[in-house]
């Protein structure tokens, strides 16, 4: 069981969100932020770095938005829909853009294939958490 | 002139945003993230810490959302409205909530008064940047 | 296999660090940052929040230092010992302090027991990565 | 007066550090993290992006280390020398490396000149804070 799930299962308060959906999102956000950080570095090591510029920028945005979403969703008390919903929407959007761009390079760069998977999983997990909030 | 404005004035590419509004937002986001970090610590030093719990949580959310928004808006190329707009909306919402909660404590805790000012200024700057994107 | 390990295995450049030790550290840093974020929130939900203040502060420091170390070690090219070594030393120190403080509360607060485990594992993984750099 | 200084002046507890040195470091860390974030984006907009790869990597490390140091030093209670000192040492080292690399590009790229200044000021402020801790 992931630490995220264990932390939820030992939480002293109530929270109005499905624990499985929340733990899945937290784990996916954590993995996605790390994968995108590593992908930026891998892109910078490629000979055709000029072709990777868009990928690098999207990955950097993805790291920032996933990290913030990870923090806000990890503090499960007092969900404020006015904050959490647009934040999750921004996260779904950047994960999708980043995955689509990584997919364009996946055939030539294995690291982009792995990063695409992390982004798609995060996009899906955030979408499901967002749906469960409605 | 702030570093944020100098970095914008020496930017090699084009960006479709008003430089003054962008620099104001970047500076306000940076200040707000730091003020909220310091306010959490100040709240934790108060004797009535149990009454400061909501303030601490909102400040922690505010740090996360402001830091992400700072990163995304500092990369001024390739603004993606699907990411930037909801992110700025989340930022406006958390800055407002955090300022409102700090205002409740401002009379007794000077640090909450200062933090409230940083949050209000950031809320306003993000709102103006958001309007300029439309 | 974790995304961290997959990203390392598909990395286009060389890196002078043991891949297993690096992947273990990256995964442990990621888990520890999340567990500490969640533990702050859980501490804030306890009735005896005044007794948890030191735990909250150490967890907040631990999140910051682990997140930075995660970023720097995820960019595996061009390790600079003058940066990476003291950063890992700071990370070992805060993980140890945070684990020791969580241990004091572990009997009464299950979430502190889980957080302690995440911190101990991270302390150990960073120590091993640090040793492998010498 | 900066928000950092105002937050220090309204802090409810004691702290064993010189307030002027601490406020200067906090402001410099905040500026440096933002300037490096913006410089990465500016570097990515240059035609000779392949020559900027080392600059980009150092700026990314600098953002991570400055952000962590900003968080830890903003929580001024309970300074733990085993954490704060190596963290400040890592910060001094990365600010120096990043400034030196930016200096190599400063003649051709104005944004690197501005970023160099932010890094040098941060290196100096962290060095002075580190000295005041001894």
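Labels A, B, C and D are assigned to the chains in the order they are written; within every chain, residues are numbered from 1.
Keep this in mind: a residue touches a chain if its C-beta (ideal position, glycine included) is under 8 Å from a C-beta of that chain, and two chains touch if they have at least 3 such contacts.
Everything numeric here is computed off the predicted structure, so don't read it as measured data.
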**Study point:** Chain at maximum distance from chain D, centres defined as averaged CA atoms
**Key:** A
Practice item. Weigh B-D against A-D on C-beta contact pairs and write down the one with more. Key: B-D
Check your understanding: What is the distance, in whole Å, between the centres of chain A and chain D, each centre taken as the mean of its C-alpha atoms?
Key -> 27
Practice item. Starting from the mean Cα coordinates of chain B and chain D, work out the distance between those two points in Å. Key: 19
Check your understanding: Which residues does chain B have that touch at least 2 chains other than itself?
Key -> 40-41, 44, 57, 60, 67, 71, 75, 77
Exercise for review: Would you pull the chain B residues touching chain C in the complex into a rising list?
Suggested key: 40-41, 44, 49-50, 53, 56-57, 60
Review point. For the complex, which residues does chain B have touching chain D?
Key: 2-4, 6-8, 10-13, 26, 30-31, 33-35, 37-42, 44-46, 67, 70-71, 74-77, 109-111, 113-115, 117-118
Check your understanding: Can you name the residues of chain B that touch chain A in the complex?
Key -> 54, 57, 60-61, 63-65, 67-69, 71-72, 75, 77-78, 80, 82-84, 86-87, 89-90, 93-94, 97
